[in-house]
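Alright, structures below, take your time with them.
Consider the two complexes below, in which chain A is the common component and chain B and chain C are the respective partners.
Our next item is the complex of A and B:
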C-alpha cells in the first residue's frame, strides 16, 4: 500500500514538470511573423513597483504600439515574463525557463543587481543576448551583453567632478550606507576629489535599515560642508533629509545619488526635500515638454491598462529600452539572428531618440547611456540645473539638454 | 513476506531507474527544476525532523541554508582540489554545529518564542553575510566555483542532477531510518508530551539540541547543493519569505512525515512555477491555497493520502469478508 503513495509522488513529479519545450526552425525565438523576448523581473517583493512599471507600462506599451503598426520587418514582438520577487535563485530558474523552455531570442531589461548578476554567467555561457538590464553594477567586455544607464561608480564620478568644477565646492562630505552599495559611491568620489587635490572632509556611514540619523547629521553639521553626498536607500535617505532639516544644515547642499533621484523619494521625505540636488538620468516624466516625452505620455494613456498609468522613471526606462531594442531589430534587417542583431547594435551610431543623448555603440562600448543632468527639487519637481554631463576620458563634458 | 520484499525491491529499483533516466527524457530546464526541487526537499526533510517530529517551530531555515551555501562557496574557492562531496559534508557539519549551538539557548524557550528566536537567527545570518563583505562579497554576491571530484567537473545541470539526487536519496534513507529508530521515537515522544517523555527517561535537553543539529545539518547540505546549482549567492536569496516557504512545504506535505516533506517541496516548487507567470494574482492564489490546504488537509497531503488508503483498505477488507461469507 505504501508503494501506492510512493508512486503518487512520481505522478506529481510528472504532472508538474513534463511540459515539452517547443523547437523552432531558424534562429532561436524568431519566426517569420514573431520574435520572442522576455525577462525575469519583480512583480512581487521589495521592487514590485519599479518592476511592474518597467514591464507593464514600459516595455509592453511600446511593443503594443509597434505591433499595432504591424511589427518590425513583418515580425510582431511577443513577450514572456516571470516573477522573481527579487530573489536571485528564482531569477536563475526563470531565466533558464525563458532560454530553455520558452526559447527566447534575448533577455530584455530584467531588474535588480542580485537577480541580474546571478544570471550573467549562464547567459554568457549560452550566448543568449542580455540587453539593457535595470541595475547599476558595471558589466563590461561581454560580447552578448549591452547595458543601460551609467553604472553607479560612474554616476558618483560625474556628480563629484561637477560639484568641484562647476560649483567650485571644496568641502565635500558623504553619508553612505555601510556596505558594498555605499562603497560603490564613496570610493569613486574619494578618487575624483584626490584628482583635484581635495579630500573627503567627512564620511559618515549608517547600517542598512537605520532610520535614526541624528548622530551622523550632527557630526556632518560640525564639519561645515559645502556639499553632502547622500548615498542611501529611500527610507533611510528620507530620514537623513528630515534630520538635516531639523538640525538646520543650512550652509550645506545635499545631493541625493543613484536611485534616490526619484519622485517617490521626495514624497517619502515629507516636504523637506526642497532644494536637494541629484543626478537625473531622465527628463522629467510628468512635465518634460520634449516631443518624444509627450509621445511617451500619450502611449502610456493609450495602452497602459488600468489605474497605475501615471508617468514615472521606471515605465520610462522600459519604454525607452523597448524603443532601443526595436531600433536594433530595424537595423538588423529581415534576416534576423542573434549575431546579426548584436552586430546591428554595435554598428549603431548617434541614434537620436529625443529622450536621452544620442546612443552610440561599438565593438568595445556596450553602454547605452553615460550621461545625466543635475536637478534641484523645486516644489516637489526635479528642475534641471545643468546640461547633460558625462565623463570623456576622465574629463567632465557638459552638453545642452 | 518474502514475496512482499521482492516486490518492494523491484519497485524501488524501478523508481531508481526512472530517476536515473529522467534527464535523458526531460528538457534541460525540467532537469534543473528537479534538482532545485530535490534541494528544497532536503531542507523540508531537515525542517520536518525538527518541527514535525519534535514540534519546535523553526522559522529561520533560510539562515541555515545560507550558512551551508556560503561555506561551500568559500571553501570551494579557497581549497580548489577538495572533492565537492567532502565540502558539502563539511558544510553540513559546520551548519549542524551552528544548529547545535543555537539549540542550547533555545532550550529555555517554548512554542512561539522558539519561532521568534529562529526567525531572528535567519535575519542575523543574512545581515552577517551582508556586512562581512571581505569574506562574502556582501551585496555584490559570490560566484560559486564549479563542483569537482578528482578532475570530474559537474559543469552542467545534467551532471549536477546526479550529484544532487544521489545526496538526496542517501539523506532521505538516513532520515527514514532515523525517524523509525530510537531517536525518531524520542522526538515524537517529546512532541506529544515533554513531561511524559522525561518520565520514561528521554533526556529533554539532549534530544532537543540533537533535533536542531540534525535539522541544521540537512539544511547545510542542501545549502551546499543549492550553491552549486544556482552558481551565484547573495544575501537577497535567503529571506524570511524563503524560511516561511519551507514551513509551508511541510505543512502542505505533512508534518512528521518523510514522504510529506518531499510532496510539500514538489507542490510548492510546482506552484511557484505556475504562479511565476501570473503577475497580479500569484500572492492571492498562493495564500488561498495555503488556507485550503490547512483547512481540508490538516495533516498535509501525506496525512490525507494515509487516511484515504486506510479507508480504501478497510473497504476492501470488508468486501473480501462479504465475498468470503457469500461463498
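Our next item is the complex of A and C:
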C-alpha cells in the first residue's frame, strides 16, 4: 500500500512538471459549463488605449453577448487578463501565470509585437494555442498559432505596389519609427520599388515618442516626393502631419501605414489630416452601414462599461476576433479539446462575417485576414478609395468592398 | 531650410526653457533639485483641460483658473511633502521629488487615463512666412511668453523685496532668519511660483506634444537646458533651453536623423568640460 502511495505521489509529481498545462480528466481550461481563455495585454503604458479597448470593449462585449445566450454548446466563456504595460518580460510572466496557474484553454488576442513575440516560444513548446494576436510580425508554420491581420511587411508591399501600379507614383519616400516596427515597413517597400525599377528616394527616421519632426520634414520636402509613407504611432504621426502642413509639403501625398490609420491619429492632428491616404484593415467603425457593423455598435452600447464605449478600430478588432474564436468553438463541437479546436479552425472555409473578406484557414494557412483597402481622410472621416487589395503570388489583386 | 529648422528649434527650446526656469527657481531659493517639475506641468495641463472640456469654461478663464489652482498646489506640496524634510540633505529632497513625480503620474493616469488628447492653444493656429521659412503663431506665442516670463521673474528676484529675501534665504537660511526673513514663507512662495511656471509650461507645451501623462518626461531636457545655461541662472535657463532646441533640430538636418538625440548631450558634455558652471552660471563659493 505504501509502495502504491509512493508511486502515485511520484506519478503526480512527474505529471505536474512534465506536463504543466495538462490536468487529470478533460481538456485544460474546459469544464462542462465553462471554457477559460485569457491574455496578457496593455492596460497601462503606451498602448493602454488599444489594449483597454480591445479587451474591455471588444472581446468582453462579444463574450457577454454569447454568455447571455447560454454560451457555446452549454459552455460559458470565462476570461482572465493581466497587464503587461507593453513590457515583454511582464508579458512572459503573465502568460506563464495564465498557462500554469489559471490553466487557460488558449491565449486569445494579446497585444504588441515585442510582448507577443516574447511568449511565442514558450506557448509553442507547451502546445498552448495562441489565437489572433494583435501584432504584425509574420508567424508561419506553427500548428498552434493562428494570426490575425496581414503582417506589416505584407501591408507595406500592398501599399507600395498600389501607389506605383494604380497611381503611377515614382518618387516615393518614407518617414519611419527607428525600430523593428519601422523596419518591417521600410525594407519591404524598398524591395517592391526595386521590383518596379524604382528606388526609395528618401528615408527619414525618428526615435519612438518624438513629436518634433521639423528636420525630417524639411529634408523630405527637399526630396520633392510624389508620395510619403508614414510609419508611426498616432502621436508622432499627428506631429508629422502638423509639421508637413506648417512647412507646406503640398506636392507630396502622405500615406499612413495600416496601424496608423485610425481615428486617434486624425483627431490628434487637429484638422490638418484632410486628404491623407492610408491602408485601412477595417470598415469605418463609426459610419459603416454594413449590418454586421451596426450590430457591433449596438453591442458596444449595450455591454460597453462606461463613457468610453465609442466605436473604434481596437474594440472592433477584439469584437471580430472574439466572434471568430466563438465560430471555432461552435465548429469544434461538444467534445472540446485543443486538438479538436485547432482542427475545427483549420477546416474553416469562407466564413462570411460581414466585416472583412470571408475567412478561410487550412493546415498550412493560419492567417485570418490578408487584405485591406485604401482610404482618404475627408472631413475627419476615412473614406474608401479602393476595393479590398491584397497580394496573390506577389501580384496586386483588387476586389470590391 | 536652415532658417526653418532654427525657428522650429526655438519653439521647442522655449518649452525646455520653461522647465529649466522652474528648476532654477526652486534651486535658487532652496538649493533643492526638483525632479517633479515635468509632472507639475502635466498635472496643470490636465487641470486646464478639465476646466475647459468638462466644466465648460472659456479657454482664457480655464487657463487663469489653472494658474491659480497650480499656485495653491505648489503651496500644498511644499507644506505637506517638502517642509517636513526641510533640514534633510538635498539628496533626500531629490528622492522625495522623484517619488512625487511617480505618484503624480500614476494619479493623473487614474483620474484622466494614460491616453493622448489634443489640446487647444491660446494662440491662433495660423502660419506666417519669414523669408523662405514658415512658422506658426503657436510657436511665436510660446517663444514670446517664455521670454516675457523670464523677464518678469528676473525683475522679481533682482528688484523686489520678496525676491531679494528669497535670494537671501538661498545664500544662508540662518543669516536670513536673523535678518527677520521667514524662511518657511520663502519656501512656500518659491514652490507656488515654480508650480505656476510649470502650469504655464504645461499649457504652452500640451498643444505641441499633446496632452498625456507621459509629457512630464520633458524634465530630462529641462535638466539638460538648465545645466547648459548654468544651474540656477534665470537668463541661463532661457539661453540653455533655446540653444538645446536649436541643436536638437539642426543636427539631424546635416547628419542622419538617428543622431537627433545624441548631439545635444554631446554638446552639453563639451560645454561642461570647457565651462563647468554652464554658459551663464555663477560659481557659488561654499565655506568649508
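By definition in this document, the second predicted complex is superposed on the first by the 377 of 401 C-alpha atoms of A that agree within 3 Å, B and C clash if a C-alpha of one lies under 4 Å from a C-alpha of the other, contacts with A are read in each partner's own complex, and residues count from 1 in each chain.
Criterion: contacts are C-beta pairs under 8 Å (C-beta built on N, C-alpha and C of every residue); 3 or more make two chains touch, one makes a residue touch a chain.
These numbers were taken from a predicted model, which means no experiment stands behind them.
In the superposition on chain A, A:105 contacts neither chain B nor chain C. Using the contact criterion defined above for the overlaid structures, shared-chain residue A:146 touches neither chain B nor chain C, since it reaches no partner.
Looking at the shared chain after the overlay, A:180 reaches chain B, while chain C stays out of its contact range.
In the overlay built on the shared chain, the residue A:44 is in contact with chain B and with chain C. Looking at the shared chain after the overlay, A:211 reaches chain C, while chain B stays out of its contact range.
Of the two partner chains placed by superposition, only chain B is touched by A:90; chain C is not. When the two complexes are overlaid, the chain among chain B and chain C that reaches more residues of chain A is B.
Of the two partner chains, chain C is the only one touched by A:247; chain B is not.
Look at A:222: by the touch rule set out above, it reaches chain C but stays clear of chain B. Looking at the shared chain after the overlay, A:267 reaches chain C, while chain B stays out of its contact range. Chain A uses residues 44-45, 178, 207 to touch chain B in one structure and chain C in the other. Within the complex, the chain B residues that touch chain A are 7-8, 11, 15, 18, 26-30, 32-34, 36, 127, 130-131, 133, 137-141, 143, 157, 226, 230-234, 236-237, 239, 241-242, 259, 262-263, 266-267, 269-270, 272-280, 282-283, 302, 305-306, 309, 313.
Interface residues of chain A facing chain B in the complex, by the touch rule stated above, are 1, 3-6, 8-10, 12-13, 15-21, 43-45, 52, 56, 80-90, 92-94, 96-97, 99-101, 112-115, 117-119, 121-122, 137, 178-181, 207-208. Partner chain A is touched in their complex by these residues of chain C: 1, 4-5, 8-9, 12, 109, 113-116, 118, 125, 127, 134-136, 208-210, 212, 214, 217, 248-253, 257-258, 260-261. Residue ranges on chain A touching chain C, taken from their complex, read 44-46, 48-49, 178, 204-207, 209-212, 214-216, 218-219, 221-222, 234-235, 238-239, 243, 246-248, 264, 267-268, 270.
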